[in-house]
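Some structures to go through are shown next.
Each of the next two complexes has subunit A plus one more chain, namely subunit B in the first and subunit C in the second.
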Partner chain A sequence: MSAPAPVVPRGRWVTYRQLYPYLLVAPALCVLALVLLYPFVDGVWISFHEDTLMSQSRPFVGLQNYRTVFAIPQFGMVLRISLTWTLGSVLGEAVLGGAVAVALNRPFRGRGVFRALLLVPWVMPPVVTAVIWRWLYHAEFGVVNQLLEPLGLFPPKENWLGDPNTALWAVIAANVWRGFPFWMTMILAGMQAIDPEIYEAARVDGARGWQLLCYVTLPNLRIVLTITSILSFVGNFNNFTLIYAMTEGGPVDSTKILPIFIWENAFKFTRFGEAAALATFFAVVMAIAILVYARALRLRSRDA
Partner chain B sequence: MRSSVCSRRRFVLMGGLAAAALLQACGGAAPTAVPKPTEAPKPAAAAPAPSGTPTAGAAAASTTAPPAGSATAPAAAATQSAGAAATTAPAPAVIPTYTRAAGRSIQLKYWSQLQPETQRWKDNLVVINSFMEKNPDIYVTTEHPAFADFDTKLVTAARAGTPPDMSEVADSFPQLAKGGYLVQLDPFVQDIKLDLKDYYAGKLSTCYVDQKLYALPITADCRALFYNVKLLKDAGVEQPPKSWDELVDVAKKVTKNGVYGWGVQGGNQGFMICEQFSAFFIQNDGQIISDDQKKAMTDQPEWITGATFWQELTTKHKVTQPSAATDDQNAMYALFAQGKVAMFPSGPWGRPNVIDANKNLKFGEDFNVSVLPYPRDKHPGTCQGGWLQSIWSASKVQDAAKKLLAHYHTPENIAQEAASSMPTRASSTKFKPFNDPWYDPYWQTMPFARAPVPTMAAGAEIGTALYKLLQSMLLGQQTAEQAGKTFAQDVNTRILPKYASSDAGSGCGCLTV
Partner chain C sequence: MTRSATRRLAGLLFYAVLALFTAVVLFPFYWLLASSVKTQDQLFTIPPLWVPTAPTLGNFVRLFQGQFPTWFQNSLVVAVATTVIGLTLAALAAYAFSRFPFRGSRTLSTLFLFIQLFPVAVVIIPLFMLWTSLTLTNTYWSLIVTYLVFGLPISTWLLIGFFNAVPVELEEAAMIDGSSRLGALWRVTLPLSLPGLAATAIYVFLLAWNEFFFALTFMNSTEMRTIPVGIESFFAEHSVDWGLVMAGSVVASVPVVVLFGLLSRYFIQGLTSGAVKG
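For the complex of A and B:
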């Protein structure tokens, strides 16, 4: 005969039940803390120390690394380029992805094939995308020049990636090509979740074309657009591979974005303290931008 | 009734078959077979040039150098004895198929920037296999981080405390040495009585940090002029240019109808500096940094004259291709092989790479190599590149690593592993392929070749700033004189002071050949 179950006071039993879900997620939280929180805290810690590959000791220097990196003449320019790159990419991807999603939301023969094919740029490794676009933009052999030269709008044999005036826009275009399927997929999924009866009601009220898009589709996509734009902003601001493989930040630093600047300081110049200061600043900027953006959207949603 | 409409499944099947047929038709040849035992090592190098600065490259790869003395016997002896070596080829590039053998108690980790599929690595593997034959207790495993990320991988491993036992080293070498990550090799060199005087002094000097030896060079290369024989003949030129004046003259004659006289590869960092730009100030006795490493010398007339000549080929004479600012090494091979560019500088690895880009080209008939043109009253000269090997302080098998290093640095093994590049020891040049006459322009240049930026902690930051400077010159944003003066001020007031404590006393005379 088994022993009777221990009597648990009612109050303590409730506490245990309250704790139970937290205990279940605790292992996952521990792993997350280990792989996310620890590196972040360690990075912030390093940013307050003089730390290079040659350091025999790593003395605490307070905000010295922050002062040093903010005083680098390139710093303002790198921030400006990073913002142009990110906003240009997000906007381009949203417009192209939205347009394609609207087109694909209508039934037509071969729609499934088109949907699958349009995902190819997104699933392609960024290095492959970079190589393809480098050759497309090549002044001598590139398809872009072969297509544009007959129009006479640009000088012959334009070196799109070699000219500081065009390089950033050229890499943004390649990035838009790579990133628009993400927007397309999200918007398409959002559009297909909109109840057709809402459209029917709007049509009964006389709404057509643009009116349906502006007054039915877009308001119903607000949550999807918020999430997608935040993810896209973070992804593009963090993007390193494509721009590095296409231009290495050149020519003459015209495409040098913050991740490349951080990488250069950390692994090329082995100045880890300064690179950590840049990375911490980068993380704070990202957090503020996302908070402001999310809050603005929430306010607009409440107003609506 | 049978429908004539193609079903979706059949459509997909047909599409798949068509794609397979297309791939088969467009696909290249089968993978290169392992060379037969009787073949001499080829001077082919699919790997990027061994310059000082890594550039964009292939994906990371990892492999294991099979240990010797196990189930399968080696197909042939891996090296030759020194006595039988004179004027004969070093060991044939035979790659025995070993398996992990029992009884090998010491595991030695070696990292190389050479990718495993390249001929240069196969040449190295012969040396490693012969080492394992001689040392049945040591098992060498190798890793091949991507060329572009090799230095990053070394830095990361050093910081993480997980470095290899022995490796090639790159841009971060001075920092690694100063940080205590590498073993000082002076006592080792004395122990094995290695004749350092046999090494090219210019290359050997880059192995010293704070007057202490932390590495040994395995390749030491320089550059020569590749020229398209047919394009020059079509322009009425029988001989390649020998002086700067002739270079401009020939390049102008050739530049017409979409063909450009002079090829610039401005797209990948270290190569731009090393492959061609530095040649022009080195020939003119200019320097980027003074011998005592305390100030920039780009505001001096020797540097400005060389830099101006290089810049004006593009901005004044307009004999370079429109894509100059972005073309990398592979693009340059393609442009030259397709007759779009008539002349450009490259190391010996350029020959097989040009032929790879156009199989119809024949060396000697369609294109050839000569000494890179230099001022009439001066001397030849180009950048000196190459790779170094170091042993890591954290290694628990340093004795085994030292044995491998000693094995690598016999004259015949240096000749073997550098068969697709250039050797670091004078006594290695008697072996094939280095005694082939086509190497003559390189041997004429080698005594004057030197590293563009000396071995110093600030080297990477100076190199990066220099790359930016060169691009601005190439784009005509500023004259060489303006650029040189701005650069000198930036280096003297911003970069060098940051490294003042770490670079103090590290003057190794790296720029002295």
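For the complex of A and C:
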């Protein structure tokens, strides 16, 4: 079959074709530049200036905002709470999600239904999750206390979200309930993508039960586990909504994670310069954590 | 006991444990629904009223007599607009990534994935200032444009996968018949990727419908609130009206449950596609 002769002059045709994909990507890139790139650069710029929103001039103050922020006595505490919240949530979600994924990773009737039903906590609006758990944790009429009080392990009428000693663990528990389905879904999909022939071969070599899990399943899940743990770590570290809607960072700052601290400084106390310094610090720490983590995992996989 | 009987018993036990676990996981939703149809007196009983006797829609009636209908409309407008615009932008970009091996395409598409890791708290301050200076706070646009960005990475990646599955020959046939490139995308590739488009659409819709952080920050006036912000504002009252809060949460959940129920298979595919296939 003979190709139709190009109607457009060759030179122009080539240029147009080269340009074409860029034109297609351009609208998306423009939005990204406006809503991510520009604000990010602007945020760093603000962090070096005095800014209270009301002020007309924004004098350059160098590292002043950073010094102020690091000197806030709360700062170390906020970091510690953030870390507890994030690691507690990630670990809880990973263990629970992994266990459920292993249980679901075999053919049985109704598996699809269970997988879908168990994913529901993850797709619900986080504010609804917060509402439900505030009600479950209600000191006097909450279901949690109704079920726990007969056990006699905790003081009666424990105010889980109102007590600084329990609030952080109470929000972590609610967050694990919300987040484990994500781990479950990812691990399950990863396990289903493993070629059954690898298991066959391992069985021929005499591997059984736990050995299959340790020597076949886990190594083959490395990429999925890496991606899932990064997404889960970042998602939890950034999670503003659940804590804000459950405790607003209280009582007495016991659940004040970094995003809430930043938000408060900016929008409650209008200390925009300081909040921007916090946010920039936050972004740098996050970037370093992800890089170190990704590198560590890649090195280990190369050793293996 | 024979071997097959043991196996059957193990199977039954497995089902029982799994069903019990699922029931525990879903109980909070049952409790939300049950609480939303109770009267004030029935909410505050010891022991709790496990099954509501004489369920009532009173809470929902009170809910819709207040400002909730406005909030519902706000949420709907923002979520639908975000979905339509977001899908259009993502489809164009995904088509480029899928069909043209252009310079920088790998870098760009990887960059798209990294946006998922972008800490939102970092951009919220400058974005708020940007919308303020453009007098866009308290408008739908401030939220729509913001949500677009956070939906774009996943939707683009999903659509790349779906477009790759459509044979190029079909498009070429359409183009020989006189169709333009975008015409071929519109008439051939998109209809063939319909399940993929649906999956991507619910993903973006749910993202916009559920979002709280930006909506709380950009919408200061009461009548511009979205549903999540509106529900949260009930807690700011001196004494919490639990019946109202429960009814609002049920309404906020309905579209989520319906969409997820219809398309959960595609949703799961979307959730895992980045990590498992990539």
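Here is the rule we go by: the second predicted complex is superposed on the first by the 273 of 304 C-alpha atoms of A that agree within 3 Å, B and C clash if a C-alpha of one lies under 4 Å from a C-alpha of the other, contacts with A are read in each partner's own complex, and residues count from 1 in each chain.
The rule we apply is simple: a contact is a pair of C-beta atoms (placed from the backbone, for glycine too) under 8 Å apart; a residue touches a chain by one contact, two chains touch by 3 or more.
Everything numeric here is computed off the predicted structure, so don't read it as measured data.
With both structures lined up on subunit A, is it a clash or a fit for subunit B and subunit C?
They clash.
Which partner chains sit in contact with A:F237 here, subunit B, subunit C, both or neither? Use first/second/both/neither.
Second partner only, subunit C.
Could you look at A:M286 and tell me whether it touches subunit B, subunit C, both or neither (first, second, both, neither)?
A:M286 sits against subunit C, while subunit B stays out of touch.
Would you mind checking which one, subunit B or subunit C, touches more residues on subunit A?
C
If we overlay the two complexes on their shared chain A, which of subunit B and subunit C does A:A139 touch? Say first, second, both or neither.
Only subunit B; A:A139 stays clear of subunit C.
Figure out whether A:F70 sits in contact with subunit B (first) or subunit C (second), or with both, or with neither.
Neither partner.
Pick one for A:A245: touches subunit B only (first), subunit C only (second), both, or neither.
Both partners, subunit B and subunit C.
By the touch definition at the top of the document, which applies to A:F267: first (subunit B), second (subunit C), both, or neither?
both
Looking at the overlay, what does A:L161 touch: subunit B (first), subunit C (second), both, or neither?
first
After superposition on chain A, which segment of subunit C among 148-156, 238-246 or 256-264 overlaps with subunit B?
After superposing on chain A, the clashing stretch of subunit C is 238-246.
Share the list of subunit A residues that count as touching for subunit B in one structure and for subunit C in the other.
In the superposed arrangement, which is not itself an observed complex, subunit A uses residues 53, 127, 134, 140-141, 244-245, 267, 272 for both subunit B and subunit C.
Report the residues of subunit C in contact with subunit A in the complex, numbered from low to high.
11, 14-15, 18, 21-22, 25-26, 28-29, 31-32, 35, 43-48, 88-90, 92-93, 95-97, 99-100, 102, 105, 108, 115-130, 132, 145-146, 148-149, 152, 156, 176, 181, 206, 209-210, 212-213, 216-217, 227-229, 231-232, 235, 242, 245-246, 248-249, 252-253, 256-257, 260-261, 264-265, 267-268, 271-272, 274-276
Residue numbers of subunit B touching subunit A in their complex, please.
By the definition above, subunit B touches subunit A via 56, 59, 151-152, 155-156, 158-159, 171-172, 175-176, 178-181, 266-269, 321-326, 331, 334-335, 340, 457, 460-461, 464, 467-468, 471-472, 475, 477, 502.
Once bound in the complex, which stretches of subunit A touch subunit C?
Where subunit A meets subunit C, its residues are 4, 18, 20-22, 24-25, 27-29, 31-32, 34-36, 38-40, 42-43, 46, 53, 100, 103, 108, 112, 114-121, 123-128, 130-136, 140-141, 143, 146, 177, 182, 185-186, 189-190, 193, 223-224, 227-228, 230-231, 234, 237-238, 240-241, 244-245, 258-259, 262-263, 266-267, 272, 275-276, 279-280, 282-283, 286, 290.
Contact residues on subunit A for subunit B in the complex?
Touching subunit B: residues 52-56, 127, 134, 138-141, 157-159, 161-164, 244-245, 247-248, 250-253, 264, 267-270, 272 of subunit A.
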